[in-house]
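Both complexes below contain chain A, partnered by chain B and then by chain C.
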Partner chain A sequence: MNIREEFKNKYQIEPITVNTRLEDESYLTVKHEDFIPACLALHKLCHSPVMMMFAEDKRKTRSCYRLNTAFYAANTQHWYYICLDFPGADQEFPSVAKEIYSATLFEREIWEMFGIRPEGSPDLRRLRLHEEVWPEGYFPLRKDFTPPPATGRTGQEYNFIKGEGEGLFEVPVGPVHAGIIGPGHFHFTAAGEPIINLELRLGFTHRGVEKLMEGKTLTEALKLCECVSGDAAFAHSLACCSAAEKIFDLTVPARAKLIRAICLELERMYNHINDIGGIALDVGFSFASSFASVMKETILQLNDSISGNRYLKGVNVIGGVTKDINERSAAGLIGKLKTLNTDLKGLEEILFSSASFMDRVDSTGILRQKTAEDIGIIGLAGRASGLTLDLRTNTEPYRLAGFKPIVLGTGDALARLKIRLLEFKQSVQLINSFAGQLASGALASIPAGIKEDFALGAVEGWRGPVLYWLKLDSNQKIERCKITDPSFHNWEGLSYAVQGEIIPDFPLCNKSFDLSYSGNDL
Partner chain B sequence: MAILKIIKNRLVKGIVDLRREELMPEIEALGKELKRVINRRFRGSFHLREVDTGSCGACESEIIATTNPIYDVQRFGVNFVASPKHADALLVTGPVSRNMLLALQKTYEAIPGEKFVITLGDCALNGGLFKDSYYTLGGVDKVLKVDLHIPGCPPTPTEIIKRLLSLLIAPGEI
Partner chain C sequence: MMVITNQILWLALAIILAPLASGLITKVKNNLRLRQGQGILQPYRNLWKLFGKEEIVPANASWIFRVTPFVVFATSVAAVFFLSGDLLAIIFILALGRFFLALAALDAGSAFGGMGSSREMFISSFAEPAACLVIFAVYLTPGATWSLAHLLAGLALLIVILAETSRLPVDNQETHLELTMVHEAMLLDYSGPALALLELSAQIKQLFWLCLLVGTICPPVLLPYGFCLLGLIIVIAFIEVGIAKYRLFKVPDLLVFSVILALLAIVSALLGV
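So, the complex of A and B:
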């Protein structure tokens, strides 16, 4: 669509500038009063939640903050941004969250990290810089940030949403959980058995990744990306690389693209099988879970044999890959996958023929399509609730392999389980197809020249879209890097899915989403 | 029905355990030694409570992998427990995010009697890639006295088992 025309005719909005330097991204800078209407217009036009919203501190050069709100038009695979520049002295911008719910968390993030207030926002509680340990008035992502002289014991507390009424009770859980798992606090309000509200408080693994990124070279940054969310290390580094490649206008060699796609699918496979086992474990079906854990280990060892790392770290470089898959290892890979596929079918039969297992997962933790759409659920959890978004659709090399996203509609734990089973088998097929296409060629192109620019890297990781928005300064160091893991969108989905369920079903619901703590907390 | 499938699966595949010696001889040898030491010093069971203070999750994934049927550390007497009250040692990952400081200290205090502190992964040693952050303390030893470090990003299950053995074997550590 011609966005300028569309905006003018349909919405009477005239952007100040439209930047279409990149093929699949458009940046529309708008006037202050047009900001909310423009966001609403794109929200409608693209049928997209706020995919990402972030600020940049440009007070030094242009004495303003810039706010970018990103939407994704899936039918044209195009990213649209509404950009707003506002004077540094203002420290305020109109809240989008009042109109579009999926902006809420992003606005809370901007408020705590930059100290610029979304005017009229319904919720301004902190996300990651916990009130208990971080004093007021210190905003890490400002360029002139200096750390507070002391932290810890501020005397402040987080305000949980309180349920009131006869017989209601609250169950606080975490941050340290019973299992070997990341930390997070779950605050249940229950009426008898059923949960009437679950509030999540995360941020316990906050490490200040976005600040650490600033001033790093791309090579240094790539290392850090692999440690943002360890179980999605490959998707994260790929997203970072594709952003950089767009900045440098690099064409990635066909062979490298295929190897990347193979690795991305391997990452999906080991995580999906991990969760299938996890779901079985959380309903007490330990045989199935052990079975799955052996399959996971097999894939991790497979990763190790083709890339030298069980978590596929170190495979990506800007411009391509460092590891080759030769004919012999491709044949080995395909052979192993065949066995895994048979194993999966066996596991599936075992799970689906157990009445007590099915009883637990069927229609448990339902996330309705309407709810999922309204709160902006993306990725695997979205597809289980009938939303079709999958960034792999219509992109190479997936198009050639005949890729179609797998979408189910019931939105319960069973649907999320089935999607994993189906995607696992699909990944096997995809890898077979990719491996068959491997023609000889270079592994990487070399970036050249000096580019002071920005771009978005977007990758459909196993949980969903992993987004890296990267901006380089004139010294080729990173000026701003905004990271959005799908977990940031989807944790909210969990708190809706468990409403009405009983607390003992919570672990199962949680596992059926299996979101990242560290990817969310950054 | 499910049980029939399970039995069929077992008949077709055989018992994984019985083929361990041939599959991973290194683990078997290490494990025997580990079991002997744990039997002698901890009356047969060495219990760990894991705390993530801001890891990326890959370290957890490898810790969990040590309990899968291929490595199966439980058979050597190593167990991961839900409550610190049941633990002999604290196993810590992550660079210690400020948000986790209190929880880490409380978990440590909840372990009764003499206790080990084991750090796992480069982050936990000195903050790793996150050591210059405004929000991490840069390693567990800033908070607790550490008895053993298991290096790696993340360490493999084999490495984890090896290092545990070296800790327990060394005399005079407690």
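So, the complex of A and C:
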């Protein structure tokens, strides 16, 4: 679609500038009063939640903040941004969250990181810089930020949503848990066992990744982004690489593209089988979970044998890959996958023929399609609820392999389990097809020249879209890097899915989403 | 005098052997899951470790919290002591221990203790009637001759055992998920020697239930008795590995099934089938 025409005719919005330098990204800078109408227009036109919303501190060069709100048009695989420049002295922008729910968390993030206030926002509580320990008035992502002195407790407290009524009680759980899992605080309001409301409080693993990125070279940044969310190390490094490659106009060699796709699918496979086992374990079905853990270990060893790292770290470089898959290892890979596929069928039979297991997962933790759409759920959890978005659709090399996203409609824990089983089998097929296409050629192209520009890298990781928005300055250092892990969108989905479920079913619902703490907390 | 000494000797033996049964079940479970797992003596090591540790009592806990481990231990020991006596009395003795444990969990004032107590009471309100009926059925089917009544009573008792010893599909002893715990949730605030005492009590109670079931189907001769006990342990391990935990509100279904089995056992015993 011609976005300028569409905006003018349908919505009477005239963007100040439209930047279409990149093939699949358009940046529409709008006037202050057009900001919310333009966001709403794109939200409708693209059928997309706010995929990403972030600010840039440009006070030094142009004495303004820039706000970017990203939407994704899945039918044309195009990213649209509504950009708003507002003077640095204002420190306020109109809140979109009132109109589009999926902007809420992003606005809270912008407020705590930049100190610019979404005017009229319903919720301004901090996400990561917890009130208890982080004093007011320190905004890390401002360019002139100086860290606060170590003062200990501030005396402030977080305001949880209070449920009131007869027989209601609150169950606070975590961030320290009985098992070895990530730190998250879950604040239940329950009436007996049934959950009335669940409020999440995360941010305990906040490391300031986006701040750490600033001033790094791309090579340094690549190391860092592999640590953003360890179980999606490859998807994160791939997203970072593709952003950089777009900036440098690099064409990635076909062979490298295939090797990347193989690795991406391997990462999906080991995580999916891990979760299938995890779901079984969380309902106490330990035989199936042992079975799955053996399979996971097989894939990790497979990763190690083809890349030298069990979690596929160090494979990606800007422009391609460092590790080759030769004919012999490709044959070995395909042989192993065949066994894994047979094992998976066995596991599927064990799970689906166990009445006690099926009773637990069937229609537990339902996230309805409408809810998922409204709160902006993406990726695997979205597809289990009937949303079709999958960034792999119609992109190379997936198109050639005949890729179709797997979508189910029931939105319960069983649907999320089934998607994992189906995607595991699909990944085996995809890898077979990719390995068959490997033709000899270069492994990487080399970036040349100096580029002062920005671009988005988007990759469908195993949880869903992993987004990296990179901006390089004239010294080829990173000026701004915005990272969005699908967990940031999807944690909210969990708190809706458990409503009405009983407290002992929460771990099962949680596992069926299996979201990342570190990817969310950054 | 002789009888008393004998009784006390048996009691001591039961206390000493109780952790071994837990160790055996864990070992068999791990082997079934293709794991080497911990040795069968691990429960002893755990107890030894806990007895040597410092005990921490929640700041706002009352005397109930302190006295409960001793009450629970006493009731478990008493249960074994009366194994060859008045069985119905045992149900009430065990209920006393349970009552104190639930109170103590509430006493500590944490959210998990409260959840554990409420779930334990919810489950036991079904498990106790089932246990009473099963014991009644056991009374009516004495002797070593095999009959349908034996089988039904044995099955009913097996279900009661799973509930009473907090095993799958009713409760999961291995879980790390505090929100799903029943028995473990009540122990979360205990530490050191008090926790050791509570764990030992649970193991003694478990041995009591196992012996009760073996006693209904096997003569009190050392070798067959031992084999039956071992067989039962393996059966329980198989059940635990091969089944998922029931949704909390489905547990009553299982226990009601046990009640029905027990009633059928009584009927068939009375009819002499």
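By our rule, the second predicted complex is superposed on the first by the 521 of 522 C-alpha atoms of A that agree within 3 Å, B and C clash if a C-alpha of one lies under 4 Å from a C-alpha of the other, contacts with A are read in each partner's own complex, and residues count from 1 in each chain.
In the analysis below, contacts are C-beta pairs under 8 Å (C-beta built on N, C-alpha and C of every residue); 3 or more make two chains touch, one makes a residue touch a chain.
Keep in mind that what you see is a predicted model, and the values were worked out from it rather than measured.
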Which superposed partner A:I378 touches (first chain B, second chain C, both, neither): neither
Touching partner for A:V294 - first (chain B), second (chain C), both, neither: both
Chain A residues touched by each partner, larger count belonging to chain B or chain C: B
Partner chain(s) touched by A:L456 [first = chain B, second = chain C, both, neither]: neither
First, second, both or neither for A:H130, with chain B first and chain C second: first
Partner chain(s) touched by A:L494 [first = chain B, second = chain C, both, neither]: neither
Which superposed partner A:P504 touches (first chain B, second chain C, both, neither): second
Which superposed partner A:G284 touches (first chain B, second chain C, both, neither): second
First (chain B), second (chain C), both or neither touched by A:I478: neither
First (chain B), second (chain C), both or neither touched by A:I262: neither
Intersection of chain A interface sets (partners chain B, chain C): 178-180, 287, 290, 294, 354, 357
Interface residues, chain A side, partner chain C - complex: 169-173, 177-180, 192-193, 280, 282-287, 290, 294, 354, 356-357, 359-360, 502-507
In the complex with chain A, residue positions of chain B that touch it: 1-2, 5-6, 9, 16, 50-65, 67-70, 80, 82-83, 94-95, 97-103, 107, 123, 128-130, 132-136, 153-154, 156
Chain A residues touching chain B - in the complex, by the definition given at the top: 128-130, 132-134, 140, 145, 147, 151-152, 175-176, 178-183, 203-209, 211-212, 223-224, 227-231, 233, 274, 287, 290-291, 293-294, 296-297, 300, 310-311, 313, 346, 349-351, 353-355, 357, 516-518, 521
Complex contacts: residues of chain C adjacent to chain A: 29, 32-35, 111, 114-115, 118-119, 168-169, 172, 174-180, 188, 240-250
